[in-house]
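The structure under discussion is supplied below as structure tokens; questions concerning it will follow.
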Amino acid sequence: MNLSIILAIAFGGALLTYFSGKISKKARDVLAVLISLVIAVILAFFYNTSSREIFYTGFLDFPLILRIDTFSWFFAFTIAVIGSFSIIFSLSYIRKKGNTDYYYTMMLLVIASMIGIILSGDLVSFYIFWEIMSWSTFLLISYNRGPAIAAGIKYIIMSVTGSVAMLVGIISLYSHYGTVIYTELSGLLYNASSGYTIFIFVLFFIALGIKNAIWPLHVWLPPAHSEAPSPFSAVLSGTLIKIGTYGIILLIYVIVKINVFLNLGEGIVSARYIIAVTGAITILIPTFIALLQDDAKRLLAWSTIAQAGYIILGIAYGTSESVASGMFHFFNHAIFKALLFMVVGAVEYRTNGVRDLNSLGGLIKKMPVTFVGGLIGICGLIGVPLTNGFVSKWLIYKTLIINNSPFLAFAALLGTWGTILYSYKLLHNMFLGQLPEKYEKLERAPFSMQLPIVILSLAIILFGILPGLPLKVINSIESGFGLEPLTINIWGITSDTGTINMLNLFVAVFLIGIMIWLIFKGSKKSAGIGQYDNYAAGTTVPKNKYHYSVDFYGPLHRMISPYLRDFIDDFYMSLARSIKNLGNGIRRIYTGDVGYYAIYIMLFLALLIFIQIKWKLW
Amino acid sequence: MNFLSEYIYYIGAFSLIFIGLFIVLAKKNLIKVIIGLSIVDTGINLFLITLGYIRGGTAPVFSKPGLKAENMVDPVPQALVLTAIVIGVAVLALALTLAIKLYKHYGTLNLRKIKEQKW
Amino acid sequence: MVNPILLIVIPLGLAFVVPLFRFISKKIEKFIPFFALLANLIISLTLFPHVLEKPIHVSIGGFLPPLGINLVAGPLGILFAMLIALVGFLVSIYAFAYIKEKDQEKYHILYLLLLTGATGVVLTGDIFNLFVFFEILCISSYSLVAYFGDKPGIESAVKYLIQGAVGSSLVLIGIGLLYGQFGTLNMADIASNIHSVHSISVFIPLVLLITGFGVEAAIFPLNAWLPDAHSSAPSSISAILSGIAIEVGLYAIVRVVFTLFGASSILTFLLFLGVITLLIGELCAFNQENIKRMLAYSSIGQIGLIVFALSIGSLSGINGGLFQLVSHTLSKALLFLAAGYMIFRSGSMNISSFEGMGKKMPYTSFAFTIGAFSIVGLPPFIGFPGKFMILKAALFEQDILFTILVFLILLATIIEGAYFFRVVQTIYFKGEKSTPGQEREIAPLSVLIPVFIFVGLIVVIGIYPKLITEILESSASELLNRADYIKNILP
């Protein structure tokens, strides 16, 4: 099986979907799901293989190369799976809205280009797919109109800014080393001056950091994630920003190589430390901003930035445990963040677009499956034992503490505390507490929404109990990078400095669970009380007058919100405004008076002659 | 004096060109500007003719015996001038046509007032 | 082998036949440009393989060079001739439905003359002849800008004419000075003697020619006519002006600087000039509300980029510059045609009037989007290889100056992206979601066919740039190897 066939299916399928939609809506839905599943299945067969092929020679002098190894397989497969779940989820989500052909085509195009990026074997094809991803994402973010338009423009401008920086980096590498192929570039920077390496690093980090939403390049993410259609938010948050992560790993561990990276600078001013600290900041600030949000999707969007901070921290820290945690957390985050966006999407779908956490509540009885999905999702997000998030967070804490980085460890820990607060807010304000009267007749989420929610929830538990499955893959990636692999078994990790075994934990939790169940079973049944059967100051509380979810964490909110204004966003906006004003000012030279124009011509002539006399150009 | 007589045509030509350019740059009436352009054209034509002109020269035709090539006027600039005159006339005619139309739209030929197309 | 002179004769001859055909039938006249340019396209395509082997050169009237007028069909000339014929051909199809006025024979005559002038400029080997063709091009474009006879059209045409006339006077003075020194008008002959003369007396004509042609090439600060003329001309003419007229001006500058003078030292100046033109064009376009003005300023920016690339002066730089030139011609022509029909339907040039066009005119909107993405330089469209090659050429100089200029260029790209994406969003995502009873107004076939041929070319060359890189490379080497050019004409 050729790698180019995957891309052909992905890109061709996207186009085909559009035209099939013109014939039959049903056929198109089936086709879209089928294509995304086929890609995932084909990729699954590439497990543990490695191959490399030139798939196109027509682009200037650059042979475009595809390659697969464990590293790219891991990312590509995750993306394909999450992508196909999102498409299944879309089936009912998007049905009510217009332009469905367009929606599916763009969705498949984004997935196809992401897989193209991952499978690329050289920087030029990486860049080409990267740009295709950028514009197709842009066209999909604005799909919902209204505020989504501003979100889209913010996204694409930042994205273009990043990609032009990366383009300079790529061409600069080419002009120095005469190649853009990973395997040939790999390690060549060993001899470069550290100034040049930093130059390359900065250029690539602008692009990758923007995609990965590293603070202070994150400003596009909250509006884009919250305004995009929910299944696409799942793709954005679960996989698209991880393309940035992939690029950072690629840059550090494949192109620059770990030994050069760790020797870049010393102590506090080393590249490793600076990126790790940026990762820590990216955990801290967005976590607490997430706490302030009242829009469910915006909350999740800020949470995504924070979790990306963990991943960056892990990857940049450069020990084999931290890198493993970074990649494992990437995998986990893809699962639980996609799940959470789907949960919010399902609620949004049933309530006709309500995402305001102040006006939802009590949906547990109406949408129980969705609630369970949300519960498991936030458990994973927090890192509760027996969910996948636990293992990756455990790894990062451990390596940070062992390697004497208490501040980074504390930042990671503080981030988790914040995560607990905001995830509880999310779950509580949607599913627990009071059910507003207007939602009395709410139905369950449709099957096509419940299916991906259930599967992803199961995956969280599965990889929480059997972390060895993904860790095995990660281990073989790490040995490819020249890092020492961890000692693992299917249940966990063994090492001298700390062992984790999910089997023991699982048995313990299982037994405790049975005990609690028995206690409850044996004790007296509690009496159920209706929602409106409560009193204040001796009288009944008026219906729908009070909503307990409003002003959740009020005091905390008032305490921290003055410190958390998004100054970075203000800065970018004022930059944009000043460019606009500059343009308006410069335009005035075209006064409309033709006399001036003739004078310009004469002045230009005079300038040329002056230059000649002064500098003797000719 | 000798210098002047040798370069008188060049001086004349460039004076015309600069006068014309000055009119184009400084005058605000469209008709005057067009006249300026026309003067520039005339100056250039004079300049081109001067390039090939030889004082007391003859036509470059070998019809009579005894005519020397050194004394002949260069015919190429004259051909150029013919073409340039035609082009100049075309531009002039077009400019005047447009001026009439412009006057119909604006009711003025003052270029400082005709500033709707700007920025 | 076909004689390249046909490329000039056919459109020129047919231009004056147009009124005669009126006697036969009034419907026939609009097909004449179509056939003339189709013939030109075919001729230039058949000449293309011959030219790659050896430039063709034709002496007219029996005089051998350096006397007499001669045509030189080198790779560069044929590349331009092909481009002119192609764009002219497609735009002439567009005009079937777009030009609806009663006396449309004037349009067709002037249109053919404009393209004759453009083809003549790129094929001639005689500097005065170049000027004459250049004037044909200019005069017909002045009158075409005013074709509708409306207020903005007339005003812009007058301003264009004044600036253009000043520019061509400068050119003519420059040519006169050159003739005074060298006694010849043949470009190869002048080029072979250029270094034998004292530098300052060669410099003045160089400056005059650059300034004069610079007016048509829209180099800052000589470009004040461009936004006015492009925005008030009929859209088909805007496409030609933006896609062909400026490029031909650029061709003249390039020919003068590289072939005629071999002036590699002035390139440093042009390098900065290009970047300034680029930045100013993009900044001016950033906040435009008038779509055609925005596109016009964007053309200024693109010209700046091309000037920058050509002024790098290396083979790969010129290569990239020419690629960008082709890419700009195709993309900008497409944008003007697509936007033109949307303006035709909505009746307003304001960007906000494009709201909901994505639903109303899906094909035209799609084409506009492709053009916009291509101009910004996104793959897999033609703009991407162009920008890529330019950046590659600039960074291969490995000079800190070039790195700084590259960053300025990329800043301009970002600005460009910002305003083009804004328009794309307006077309697709702004306005009411879809009001009932709103009908699709599919553009007529004569609009869609040329527009989609442009889209096809943009995508195909974008995916497979090798399609044109061969001719670009030989064109670039023609520009760099003056000695070969001279030897070919003056054996």
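The chains carry the letters A, B and C, assigned in the order they are written, with residues numbered from 1 in each.
Convention: a residue touches a chain if its C-beta (ideal position, glycine included) is under 8 Å from a C-beta of that chain, and two chains touch if they have at least 3 such contacts.
Note that this is a predicted model, so its numbers are computed, not measured.
Distance from each chain's C-alpha mean to the overall C-alpha mean is smallest for C.
Just to note, of A-B and B-C, the chains joined by more C-beta pairs in contact are B-C.
We define each chain's centre as the mean of its Cα atoms; on that basis subunit A and subunit C are separated by 44 Å. Chain geometry summary: the mean Cα position of subunit A and that of subunit B are 69 Å apart. With centres taken as mean Cα positions, subunit C sits 29 Å from subunit B.
Residue numbers of subunit B whose C-beta contacts span two or more other chains: 21, 24, 33, 114, 116-119. Multi-chain contact residues of subunit C, defined as those touching 2 or more other chains: 158-159, 162, 166, 227, 284. Counting partner chains per residue, subunit A shows two or more touched chains at residues 587, 590, 594, 598. Within the complex formed with subunit B, the residues of subunit A that make contact are 587-588, 590-595, 598-599, 602.
Residues 17, 20-21, 24, 30, 33, 37, 40-41, 44, 47-48, 51, 74, 76-77, 80, 83-84, 87, 90-91, 94-95, 98-99, 101-102, 105-106, 114, 116-119 of subunit B are the ones that touch subunit C when the two sit in their complex. Partner subunit A is touched in their complex by these residues of subunit B: 21, 24-26, 28, 33, 111-112, 114-119. Within the complex, the subunit A residues that touch subunit C are 58-60, 98, 127-128, 131-132, 134-135, 138-139, 142-143, 145, 148-149, 152-153, 156-157, 160-161, 164-165, 167-168, 171-172, 174-175, 576, 579-580, 582-584, 586-587, 589-590, 594, 596-598, 600-601, 603-605, 608-609, 611-612, 617-618.
Of all residues in subunit C, those touching subunit B in their complex are 128, 132, 135, 139, 142-143, 146, 149-152, 154-159, 161-162, 165-166, 168-169, 172-173, 176, 179-180, 183, 185, 227-228, 231-232, 284.
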